[in-house]
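Each in structure tokens, the structures are laid out below.
Here come two complexes built around subunit A, the first alongside subunit B, the second alongside subunit C.
Let's look at the complex of A and B:
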């Protein structure tokens, strides 16, 4: 680096590059800030503002959204499916990846191929829907958990990680007299912690963001996840789900429908905005692991 | 653990065929098999039964008879599908939209990664990266609600700006002329930062001595980026390209479903949304399965072709 000083052209490029990145970041954040400011706007200012600082702030919108019983039941369903789905998905992925990471497991390549094939070919929407209906899972939490319990991609990531571990750790424990169960819990599980944490976060975010399965498998509104309730309020404008008035007791319009919708979107977005800066590095690590193998 | 003596193992293998030997292997590793079973049963029930369910495409599905009992009708649904004007419209939309995504969306994260690599200030780089990942974590259903307001002709800031400059507001989400551009731009907006991770990983794996020797030879940053960084990214770029070609007939269902409306069906209705409306709204299960199967077969074939081509040219593929 010390050999050559940067040329004038490179300096100009640097300036433009820094400015370009700044604009890019602004473009990314601005829609969220705009929506946030709109969700705080009272009825007089909501219609015309571009700026992200509202001229007058009201929490009336949030009050109305948060007291909607379908928002709370939606949140309950989302949290429930995320908790159960992540736990069961992680356990099953781990249990499946461990045997198939062993070279001596019979027909290992065949079974791995069976799983990997589902990444590239599947039955699709209608056959899966009919299966879920035939198993009587409609309107239950299991319809949201079972069809995507284990993903072939997560399986490969975990299996590759296990295969990269030196065989000698397990062997020395075996010589010391540990049986398979003890080896699995005391040795394999602790070394796999980083990859399992990453995969758990992937599954959790996937569950948190899912809505389509709830739309086709949960017909009762109180069984639907919060993302779907939000969709029905904001995109479909469903009055029955919205169930929120824009007026106060005396019949005066205090909030606009647009601000109410903005607040509804924000209520489902804020948890992600708060959590993502802390979990993104684990996600990045996982993508790196996947790309190393490719 | 009851490991049988090597003598019985030998006798077994000598007397019987390979099948019994394999069975013996399963018995020998029965604890591993026990761990393995729930997962593989899951895959058979929830992934392979639906693949078997694809036979619906060649049957007339009757609820009471189930998949097995419904009568065979051969290629009836495929004949109907290929003779339908609406199907070809949907097929064309799918290919056109995917093609736009490929042409404009594929290079974007590569360029972003190259530019980001030139940012020397570590903190600035970290902040830009973290912010650029944000939309990846937000689902399309939320972004659908967000863009509906953001692009709205009455309250959206873009249109407020257009109006204040004296223009007429644009119905971005309801104007067939604009809708596909909205799809491409919002997709790039969502996946730019996230998509760049694999490329940044490839860049960080480049041997620093390559750059040092290039500096000694008097190469500037531009030359280093073009002659060292970009070629070193080629394997990753190829793999990502293969995967993207395989997706050419796989529409971005989540995105389109949450942004489209009847006003833009003509330009935005794609195989995924069509399958959904035909199958689950109009209850035409068999016909929809046929449409889905047609798409799956094309997508799978494209992936295999792309992989073979890559193997021929570059000596590496995804398998």
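Let's look at the complex of A and C:
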């Protein structure tokens, strides 16, 4: 690559670009920083006076959040569902995408068409709920994993990626005497690592963040995921008073302090934040992966 | 090879078609549904009292599904539920439907055929819909008198007429939960130290006095900091000013109907509103009304905090309830050993002290307006409804049992029993501070656990309007908070109202804000009334009057 000096115009553009990006980053970081500072603030600090470095630091909030029995069961459920859901989701998505990426698969367009159809049309919440209930999956981890096991969107991404792999590597393996399973495991899968990581990340983040399905399917408190519990704690006390049936029936004698809510948000967000940098490089590569090459 | 492929493809397609046929042909989904209540029908036995079809069968162990107010789900084998089950020899299945999404979750269950026996309707506007859908059992008067006598007594003694709210087309489908503390109106809170600085010693009693004070707060540097940085009031001033004309409107929510010469008119189009808006527009122009009134005084977090007041930007607020403003020691809580414990700082009080420990504030009375009206909004006392699910009606003996238990849990004449089902076991979860005043304290570790009563399976019954006896309520009585309260004459959602309200509220709020800020001239009000009535306001008013006539007879 030839190195050339950038013109004055380009330099100016760069400066503005940096400033703009910096401000953009600030607006993203600011709420997070506010919550972080609030989570470390003790109860003597007024809610209207949170500063970046809190006036008095305490870990009391974190202690209370982490010793809450529902948080630990919530975490257990979330991690379990993320691990199993991601693994099974990956396996099934790949198993689905591989055959459909082969041009010689009979009626390939028909099958792909059916799957894409589900991306646009779905039964809706009530039929799905009835289905899950009749399969006796209520209050189990499978109700959280099975309904959304394979996403049509992920399937398309993976299929397209596989279609972009040159046929020659498979052919050469076949000449060497490998059967289809060996080709899949030994040849195709290692080459698919980027897409594997990308889709795994997407599925994992989806599982980590989802709370609504837990709300309708896990009726027992010990089966609920941590996001649902966090949502409940954070929403408490901030629901706007409307015209009818306004008075809080519980009399709200104990209001969860804002700092405790902030600590809850931190505790549920930081783990995924820590995992992300390690997978980020695949994610960046993966953005381009939907496209077909050659 | 090719033939093999074609054959395979055909087989696969055939397989898919067959499964689709099989799936479609499947007989209905929730056939054996209402498993808990359906089976009972088969074991129908003669009830003990042939004249009373609702009498529960002796010795039969009914299975009852129950919905309640819940912010935390009940744990497995919750203690209070176990106690109740043993006492009445029943099996209780408490549905964990989170309060914030209550109706969504309930509707899911209803759609799959499950109807709860104790049927809570968090949003009172849903009564009509559920009654029409046929998921509620009818509650005849003699049935209620025999099986829910205590509930009826409390409601009729303390909130006469409220029982009629539970009727749809003359048929009783539900019992209303009536809030005991909403007899107290909204507070009027003034910065006392500011008042002293501008030389006003009494809280305003009339609208003129109030206006004078607001101007002083805005113009005379009441916080004595040399800067012109204060306003008189913000969004919540709408309540006392409109109340001085006998009206009530909350931005973003429905306006109350008010009675004029036996008819109901909507506050949103009452002629007095024009006068009130003229006053507010003047205050806005003169810099007395905070320009930020549009977004409100609360900037997030707990809803009752008035950040504008806490930060010393305004000198008056009507946000929240009277008790949110009580400083520590406002009233004394008598302990059992005869000593008295001072009360704690409540929400706003706590925050103000953290920001400005020298601030003082005081509550005043509603304002007398130029038309002779005096008042301020009080929240609706009707909170929600409890009915009995239709499935229980299949076996009337079960209905009797359900109502009996519900009556006991919500309205047992023995206060200790009521407290058991509301807060848990005495001595383990809570203890009396003063039984006369019905004040309790929560025992550790439950005193810091928000929602513990849900977790242990308590808070099972409905809120009833027992006359408030506690020291906090005593403070309210002593300070005139039950006086001059403007209540809405219609506390249920009527069909046309529900249909048009979103649109009407938008029209109304836009008009109010634009007139106050001077965007539109005052005379725009007449045009706005026409628009409002044409957009459905007329139908809503007619419907309200019909309903009002039908329940007032």
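Quick notes
Everything below uses one rule, namely that the second predicted complex is superposed on the first by the 243 of 294 C-alpha atoms of A that agree within 3 Å, B and C clash if a C-alpha of one lies under 4 Å from a C-alpha of the other, contacts with A are read in each partner's own complex, and residues count from 1 in each chain.
Note that contacts are C-beta pairs under 8 Å (C-beta built on N, C-alpha and C of every residue); 3 or more make two chains touch, one makes a residue touch a chain.
Quantities reported herein were computed from a predicted structural model and do not represent experimental measurements.
Set against each other, subunit B and subunit C differ in how many residues of subunit A they touch, and the higher count belongs to B.
Of the two partner chains, neither subunit B nor subunit C is touched by A:169.
In the superposed pair of complexes, A:7 makes contact with subunit B only, with no contact to subunit C. By the document's definition of touching, of the two partners only subunit C reaches A:221; subunit B does not.
Legend: residue contacts after superposition of the two complexes on their common chain; A:232 is shown touching subunit C, with no touch to subunit B.
Of the two partner chains placed by superposition, A:189 touches none, neither subunit B nor subunit C. In the superposition on chain A, A:33 contacts neither subunit B nor subunit C.
When both complexes are overlaid on chain A, the residue A:272 reaches subunit B alone and has no touch with subunit C. In the superposed pair of complexes, A:23 makes contact with neither subunit B nor subunit C.
Comparing the two interfaces of subunit A, the one with subunit B and the one with subunit C have residues 46-49, 106-107, 125-126, 129-130, 134, 216, 235, 258 in common.
Looking at the complex, you find that subunit A touches subunit C at residues 44-49, 106-107, 125-126, 129-130, 133-134, 215-216, 219-222, 224, 232, 235-247, 249-250, 253-256, 258. Within the complex formed with subunit A, the subunit B residues making contact are 1, 22, 25-26, 29, 31-33, 35-36, 38-40, 42-43, 45-54, 56, 61, 66-67, 112, 115-116, 118-120, 124, 127-128, 130-135, 137-139, 141-142, 144-150, 152, 154-155, 157, 160-161, 189, 192-193, 197-198, 201-202, 215-216, 218, 220-222, 236, 239, 246, 253-254, 257-258, 272, 275-276, 279-280, 285, 288-289, 292-293, 295-296, 300, 303, 318.
Contacts from subunit A toward subunit B in the complex involve residues 1, 3-4, 6-7, 9-10, 13-14, 17-18, 20-21, 24-25, 27-29, 31-32, 34-35, 38, 46-50, 92-93, 95-96, 98-100, 102, 104-107, 111, 114-115, 118, 120-131, 134, 146-147, 149-150, 155, 179-181, 184, 205, 209-212, 216, 227-228, 230-231, 234-235, 258, 261-262, 264-265, 268-269, 272-273, 276-277, 280, 283-284, 287-288, 291-292, 294. Per the touch definition, subunit C reaches subunit A in the complex via residues 5-6, 8-9, 13, 29-30, 69, 71-76, 95-96, 98, 100-101, 105, 108, 111-112, 122-125, 179, 181-182, 250, 252-254, 300-305, 307, 310-311, 321, 347, 351, 354-355, 379-380, 382-384, 442, 447-451, 453, 455, 459, 463, 488, 491, 493.
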